[in-house]
Amino acid sequence: MTAPIRTLDDRIRPSDTPDSPLDTQEYFINMGPQHPATHGVLRLMLKLDGETIREVIPVLGYIHRGIEKMGEAMTYRQFVHLTDRIDYLSALVNNWVVARGVEVATGTETNDRIEYIRTIFAEIERIQSHMLWWGVLGMDLGAFTPFLYGFRDRETLTDIFEETIGCRLTMNYIQPGGVMHDLHPNFVKRTKAALAYSKSKLHEYEELLSGNVILQERTRDVGILSAEDAVALGVTGPPLRASGVAYDLRKVEPYGVYDRVDFRTAVGSVGDCWDRYWVRVEEMRQSIHIVEQLIDNIPEGKTMLMKPAKKIVIPEGVYYNQMETARGILGMVLVSDGTSDKPYRIHLRSPNFNNLWALDAMSRGGRLGDLVANVSSLDLVVPDIDR
Amino acid sequence: MTDADVPSPDEPAEPTPRNPLIEALIASSYGVTDDPLSGSNPGVRVPVENLYDLLAHLRSEPSLAFNCLLSHTAVDRPADGTIELLYVLQSLSTGQRLLVTCPVNRDNASAPTVCGLWPIAEWQEREVFDLFGVTYEKHPDLRRVFLDDDWRGYPLRKDYQDDFMLTPDEPKQ
Amino acid sequence: MSAAIVLLTLAERAAASLEVGIWGTAAWLAVAIVAAIGSMSLLGMALVLIERKVAARFQSRLGPMRVGPHGLFQTVADSIKLLIKEDIIPEQADRILFFLAPTFSLIATLLALVIVPVSPTLHLVDLNIGVVFFAAVSGFGVLGILLGGWSSNNKWSLLGAMRAGAQFISYELSLTLCLIVAVLFAGSLQLSEVVASQADGWWIWRGHVVTIVAFVVFIIASTAELNRPPFDLPEAESELTGGFHTEFSGLRFAFFFLAEFINMFVASALAATLFLGGWMPFQVGGWDTFNSVMAIIPGPIWFAGKVAVIIFISMWVRWTFPRLRVDQLMRLEWKFLLPIGIANVLIAAVIILSGLYFFPVGN
Amino acid sequence: MNVFGSGPGIERRVNVANNDVDVIVAPRGSSRPPGIISWFRSVAIAIRSLLTGMRVTAGYLFGRDKVVTQQYPENRETLEMNERFRGRLKLTHDDNGYMNCNGCKFCEIACPNQSIIIKDRRNPVNDKSELDQFIWRLDTCTFCNACIQVCPHDALEWGQDFEGAVYDRRLLVYTLNSYAGPQARLIERAIKKDEQPEELKATIEPRSRYGTGVPLAGDELPGVPALGGEDKEST
């Protein structure tokens, strides 16, 4: 009755009837866990027929750290710092998901200043994440220069984090009940300067890569993911919007102060790599626009409403809340037994784990070079896949 | 097919269902009960016999159209002897969200697969199988997803023990 | 570089005459071999350093800065590192071919290097079929890459090698068609005569659009031949983890690397010789004062300048563009460059027969 | 071949999940109309796009002062970290050089990784609990700031020193406090109220950086001798 438990060896078998007019032989090849295009330790078993991809089998677990299990032994406040380490390019949104989950469960109301700070930082982080992605996409497609430009421009944004928070990547900043530090006195000035800089660089990105005929050839009609497939495969974030579903939690279920700002959701129409590329580039512009609207209007107020040393005990129940990271919907299932200050069970619905499986649907029939473009256009962060 | 106008005879009197959706589901024939613990989200509990039918109904009913399985996970409850399977359903067309909880027997945890309804369930169920040991009937590719194929035990169960596990009070060597 | 070539030439002359006795000849030959290897490595190292420095500036970096002033000796340090690295041969590799592959690659480069005319005197071997020789030898270099990919017994390497085979054979056609255009204009296969025929002006501007097109196609095709981005599919590190040289390390890798960079020099030198007048100064037929001023600058400097410009353009392109996909690469060759090349040869023939180019001399 | 171009997106309003959402749709360009002229046009657009990209990179090559690289070990003197930079953990001291820590273990409880191990002792003079050893494990610390956040006496702060790399990982586990003894506040109060201040000061004992009995803190390992008690490097 129950399905047989299989192993990877059962999975890698050539198909009986290769789908090719020539008398060819299918073969398997390991892409990763150490491969320049898989950005970390993603391992893909590829079934290839020449250069044509027949199947992509992701093999996970190379950076599985059991964060959900570790969370069961930590208090809610301590758990926040672990979420920095799942999707390290959206560390603040990950913090925020836990913080908001705890706040909703305990019925804590935050003030406007906290929500403004959180929203601004989340958007700045989205820009820096997309900038890094832009550079990496360039490198995956063979242009090394965008990679360095992306990293260079991202530095101005991580400097903002370092000034206020003290860290650049894994920040542990947004906490249940507030944020860890108040804003640095230079924050507004520095952020405005960085936004102006980013704007000018976005124009340069357009010239260097977006309009480039080779990039267009490499991305157009490559890795098409239809809207139906994207929804059924649980794809969220920019890949989902590139397929034409304008589902952005910042619009649909606004949190923070997203309901008070004016911005547009970037969507695609076909769902190919080009749409995913363009959606992300446009999101950078929209994020700059969001921060520009907020940066001058940060209200006064306290930035931490819960005493840091106080125990947080959540009433018994199952709590789910979700947010839009740079890669998609990050959800958190928080189960509390109502007695301890530690979660009974904590589950993170990571956007990358769910987006990853669309890779097979996108890449079948394409070339090896298309697979690299597809991996890149999904913007996978492997620690978030494995958790 | 919500049979809202045909009340089931064995329906216990619910204290003010929060949501018309839950009300309709409770009134249907899937043995659904309201989940009082589901926080701010609407949530229902369903016995495992009716799990697939309920989810298929939620997926296919045009007025519900839960077309996205956002998350599928489990909670180990050794005190009850059950593992609760949790399905977080989201409708991208209506914006509704529903938490479906389904307790299964802990010693022989098994549930029907919902791969046919949402393809992503294939991998989410693999994750639950990997970490909780819940086997899914008719799953096309049931194997571990994070851990090695020859890993013993299911780490997210509360009674999982390993040689290298630390206790919080003892600094590691 | 030039000194080494002089030495090599002298050694060859000495060996030919045998007047200094067998041991003297052997000594001369040893000197010549050392000189050849030294000049090649020097040239290769200089090119690698220049490439790294230029790339760094394109990317708002500084590039190597640690070894020597402004990292001048970085490539020397790298070469020493590569020399003393462990020589890893995969267990399942075909050892003989694995040994031969980088050697073939380097020999092909060396053979192509000898025909480059740096100046009237610094011309090592002036073959009467120099152009054909170049076409033949550059085809030989593919063999090294194919063998390297095959012998590694690695699927990535094999994929890279197969890509290289398809790519090089295709682009060889365009390259040869461009060579034919130059030969048609010069009326000779001998490189010294090709240069001499440009005494009244370089072919690139004497030959109307035809030579410009031929020059551009030559640059594109040779970039593909050299397996440099945006046509670096055989190694494509983000797709094939290094392609045909994935398994090579230490000295063998250095051979491939050196061959690639010297090939870049050879191809640029050929482009300069065939279309930009080689060591010829900038001359306009009839403008005697202007020509005499230009002629003051010595030939090797003209040559080096022209080669430098072409190499710079190659680097500029490399550090700007993404890589093409394998089928797009083939499409570019067979659907664009090849038809353009064939049409170009026909038009060139018509132009030459009717003497329509600028400053026709002696025809 | 398409007629390329990544122009501005098309603005539109759609209904998603019962919300009206302003969207901006990715430009697709238009497919090339048949004819040789449009073919040449598309080739011209393609070449122009390549030249535009080359202009950008050339702008960096020839533009002045575009280099962003810093020459790190050479610029040590001028390198300034942000004031909130999380370098190495430090104990704060008052003007007289007495530490503010009283060994209350708030930080040890708050630390998610058990990176802080506090050993306390009872002072014979005032019969109060005080810090004996503050052992910090740099190797497991994630720099999450929780200890500093919860400290009721502001006894902890981040240093600006980020060069923590060492060759022996035992060097990463060490005692932060240089002495064991009463908190600065208590000494101050004892001086003010004249409650045996000298006896209190006499209970101060020096604490070495390594060799603390905590695993890895400079202890002997199989085949590796123990580290000396003196400072191997400056804090």
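We call the chains A, B, C and D, going by the order they appear; numbering starts again at 1 in every chain.
Here, contacts are C-beta pairs under 8 Å (C-beta built on N, C-alpha and C of every residue); 3 or more make two chains touch, one makes a residue touch a chain.
These numbers were taken from a predicted model, which means no experiment stands behind them.
Ranking A-C and C-D by contacting C-beta pairs places A-C first. Centre-to-centre separation between chain A and chain C, using Cα means, comes to 45 Å.
Computed centre separation for the pair chain C/chain D is 50 angstrom, with centres defined by C-alpha atoms. Annotation: 25 Å between the Cα-based centres of chain A and chain B. Between the Cα centres of chain B and chain C there is a gap of 65 Å. Each of the following residues of chain C touches two or more other chains: 58-61, 319-321. Residues of chain A in contact with at least two other chains: 145, 152, 208-209, 212, 214, 245, 247, 252. Residues of chain B in contact with at least two other chains: 92, 95, 168.
If you sketch which chains touch which, the pattern fits none of the simple shapes: not an open path, not a single ring, not a star, and not all-to-all. Across the complex, chain A meets chain D through its residues 74, 77-82, 84-85, 145, 152, 155, 162-167, 170, 172, 180-181, 184, 204, 206-214, 216, 220, 242, 245-248, 251-252, 263-270, 274-275, 278-279, 282, 286, 308-309.
Residues of chain C that touch chain D in their complex: 54, 57-62, 65, 316-317, 319-321.
Residues 91-95, 168, 171-173 of chain B are the ones touching chain D in the complex.
If you check the complex, the residues on chain A that touch chain B are 1-11, 60-61, 64, 66, 68-69, 73, 104-105, 231-234, 236, 245, 247, 252-253, 316-320, 322, 329, 331, 333, 335, 344-345, 347, 349, 353-354, 357, 386-387.
Touching chain C in their complex are the following residues of chain A: 27, 29, 35-37, 51, 138-145, 148-149, 152, 208-209, 212, 214-215, 217-218, 367-370, 372.
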